[in-house]
Amino acid sequence: MDIAICAAAVALLDICALVILIASYMEKHSGKKVWSKIAADMELTDETRVYPLECDEILIGRHASADIRIQDMSVSRYHAMLNVTDGKWTINDIGSKSGIYVNGELVRHVRLYDNDVITLGNRRLIFRKRRIQK
Amino acid sequence: MKSIKRCQLVITLFLLMFIAGLGILTARIYKDAPFYITHSDNYRLGKVYDRNKDVLFDGSGTVDIPVNHLIDVGNLIGDDKGQMENTLVAQNIDKLSNYSFNEGIDNKNGKAAIYTTLDHKANRAAYDAFMGADGCIVAYNYKTGEILVCTSLPNIDPTSGYEGLEYMKSGTLMSKAMYGTVPGSTQKVSTVITAMEILGQEGLFSKSYSCSGYYMNGSGGKIDCHNSWGHGTQNIQQAVENSCNPFFAQLVEDADMPLESIKEMYTRLGYAISDGENEAEDSYIDIDGIQCFKASTTLTDTSDFATQWGCIGQGETLASPMQLMMWQSAIANESGKMTMPHIIKQVTDVKGNVTEKAQTKYSEQLFSEETAASVKQILLTNGANHYQYSIPGYKVAIKSGTAQVKHGNEENALLVGFVDDTKFPIAFCVVLENKYSTPAVAENIVTTMLNNLAK
Amino acid sequence: MTNPVSYLLSCIFVIVTHGSMLMNVYTNGKYDSINDIITLSAGVILLDAVYFIIMPFFKQRTYAVDFMLLLILNMSMIFQSCFGGVHFDAKHFITCIAALVSCRIGYIACRNHRWIQTKKKFVWAGIAVLMVIILLFTGSRSMWIDLGFMSIQPSEFIKPLLVLACATSIAEQMNKKKLGEFNVVYDNLILFGITAIIILFQWWCRDLGSIPTFAAIYASCFFLRICYPKAKFSKKTLIIAGSVVGVLGIIAIILAPAYVKDRIFADIWSDPDANGYQQTKALIAIAEGGWFGKGAGKGFLHKVFAYESDIVFATISEEWGLLYALMTVLMLLIMVAMPLVNPPRSYYHGTMCAGIAAAFTMQMALNIFGSCNMIPFTGVTLPFISAGGSSMVTSGLMVGMIVAAQSPVFANPSHKPKKSGKKRKRRTV
């Protein structure tokens, strides 16, 4: 019985798992890049802040569980949903009270382009190419 | 994004719950592994030694023990076969574990062992002194509580196996010192202690009763004396030396001895007392895991036939030799406290580290120190007057007893006492069953044992 | 896609780890001739190498899960080949390859949720077909179909399908319809029905070990569902529902029939050769193995029934040591935990990962804790470590789903003109 070999095997197993984990962490950065390619590198802004679009199916609303939470009584709790396919974003009304206006037009379901202005109740959001912030 | 975070939360919860379970599992395995391993086929126990490193039990199979070498300690030390439950090995089997989770099983070099206080040589000598008669002898150091001798006959050599179990005599598989026996006149020691506690030393010595060979008691029962000619008028010292039954019957019946006081005193001594209607529950002493019976008797009324015989040591009174011996320690030490006996001196684990060490323990105060000193004097005088020649060379305090058993068909000889010597503080109790059928003599057995212990 | 340096480094470490295990077998193991070890080593290293070469063709964003899978599979291969003496376990080798293949299938099938969501009905149909198969071929009191040369456990295949059914229908949450007085989501009802029927089936088959796994998958998906937009569940409702379930559970235990109680509270040590035979032997084996084990092939547990599947944790513990067995389980956990490092990018993939985590941890818990007598012993398999084709293939499928969540694709399911594509989108939204 050679304890040293056993211990070495255990240690190597742990190191191997660690290497894979570290490699996986390092891919986090490249993963973001891949995502921005999928998502056409877009973001949503209003006057005060920028909302990154980090996944498919983004819920906009007043409810606490919304991905993009807009605390304004004119915005419904579950207002709109953003989707991405083939690098193209679409916005869908999911039963809001005040509706969605894209560039001043009331819509239920529409594809978004760069610099579109989205109006939800009293709030205005701009859909645009992501800018590197300082 | 919140939705993704929620998914990750669920994953984390499941993983954490599982990891917590795994932690509990590991801790449990680590803790319980010594128990699991006892069911393994590869598992072997460690050894049991006597005080001179003589092997009394070997679970590892590495020691060559001659046949019948253990015939004197078989039913006390026992083994792991499960035939005998109330034995040292069976009750302390976990202490003999040659296993630890970190080290694994080490059958060959494991040092797990129990070092007992027994003196195997003296034990064997005492065993041989019985000359094949049934009975038992137990002796211990009344200062430290170390049991030096504890043998009982018939006995068994566990290394030879249990073949022919059904043909063995009853009592073969139990160490008789731990079980109740009729104490006979040795019971009178308890009665003397009780009377002295109730009446006081002077009160007891002022009492004297006459014996004409028998005594008709208050309820019309006839208490016989072993001397049919009678002992005449005696005081307590003479009555103890004569072991006079009518004296003790009258003492118990005396108006100064209320039943409640006797009951209270007996209870303090450890008797389980039945009052004729309610059976009392037996109580036990724990000697390193071995269960040892204390004593029991029936007390209904001080003028009652059975109650008086109970105080004299016949009838329904039972006491274990171990208990009879322990009372002697309370007298010998002049403290009124019993020295609690132990058989395990120390325990070592698989690596040889001492995990347990014996300590001397005492019972509560059973009776006053004055009573102890006074009773000691009575017994010493008895020893000096009657046992000077039969147990030569030792200053012994002693009380003999003859117990009628099997409806009076057999008589057992008993001796309880101690050696009054600070350098050789031995208390003992011997029971020689059916004394007329054997050439063995209780006094000789005690002498042989003491000679071997003194070596 | 991924960094070639870290890819190469991971490859080397996986091979070195397997090498260290084989070295351990060589020094501490029990073998008749060195050829057995050489054959085993060749098989393991070859599988490693081939997979490393094939993997880059799939152009995944990350390969971390694949590395973990390969690491675990070949560890399992070495474990299984060493039980009771070193030999090359060809059957297990084939099932390992089958697991790798099914992992690829799972990845390709699940990486695009727009596509799989249009195929939702096929998933339901698949479950239905499997249940019919169970009904027709296994019969009550059994869970195996004996094909002569191999046995199949059809209920295993329902697991990934249930995960998929949960994940594909989650987007329907907003699609409420009036049914009488209530606003309901049809998919929710369907899913609940499917789970209930599956559990009833398992009860009928006396495959009690699978019930908690299905329940866990459904519970995780249910939790994510009620947190999904528009499902109006407050925290208060959740707590009340949780406590109701807890109370019902306690009542169920109190009212349970005697034979169930006996199994739950059994004292297996009172008669080690009776009901608890496997567990007692397993615990004894773990105790004998200690931290570092006896050495590969030197144990006794390989003489006990189901040593290679139900009580495999104890068998590994005995031969390789508790430490190594725990590390092996840790590797499985790390693999399942990969979505915590690289987050999934859609609710569909997230739900899938959660469902798989639920299935894997539940199955591991049932297997390990069951064989160690912490919970009733049910006889489920330990994913990837236990021998058994059905379990291997389904576990491979499920890991394939994690791979898919790590390297997702967001594309329209068909190459039809954009208009029709939009229409379909509306339906799925």
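In order of appearance the chains are A, B and C, and numbering begins at 1 in each one.
Everything that follows uses one rule, which is that a residue touches a chain if its C-beta (ideal position, glycine included) is under 8 Å from a C-beta of that chain, and two chains touch if they have at least 3 such contacts.
None of the values given here were measured: they were computed from a predicted structure.
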item	value
Distance-maximising chain from subunit B - centres being C-alpha averages	A
Interface with more contacting C-beta pairs, comparing B-C to A-B	B-C
Chain centre separation in whole Å, for subunit C relative to subunit A (CA means)	30
Inter-chain centre distance, subunit B versus subunit C - centres from mean C-alpha coordinates, in Å	62
Mean-CA-position distance for subunit B and subunit A (Å)	82
Shared interface positions of subunit A, touching two or more other chains	54-55, 57, 59, 65-66
Sequence positions of subunit C contacting 2 or more other chains	227, 343-345, 347
Multi-partner residues of subunit B (each touching 2 or more other chains)	3-4
Complex interface listing, subunit C residues touching subunit A	1-3, 6-7, 9-10, 13-14, 16-17, 20-21, 23-24, 27-28, 61-62, 64, 67-68, 71, 75, 113-114, 171, 174, 227, 229-230, 292-295, 320-321, 323-324, 327-328, 330-331, 334, 338, 341-348, 408, 410-412, 421-422, 425-426, 429
For the subunit B and subunit A complex, residues of the former touching the latter	1-4
Residues on subunit A engaged by subunit B in the complex (per definition of touch)	54-55, 57-59, 65-67
Subunit B - residues contacting subunit C, complex	3-4, 6-8, 10-12, 14-15, 17-19, 21-22, 24-26, 28-29, 32-37, 39-42, 99, 101-105
Parts of subunit C lying in touch with subunit B, wherever the complex brings them together	216, 220, 223-224, 227-228, 269, 272, 280, 283-284, 286-288, 290-291, 300, 322, 326, 329, 333, 336-337, 339-340, 343-345, 347, 350-351, 353-354, 357-358, 361-362, 364-365, 368-369, 372, 374
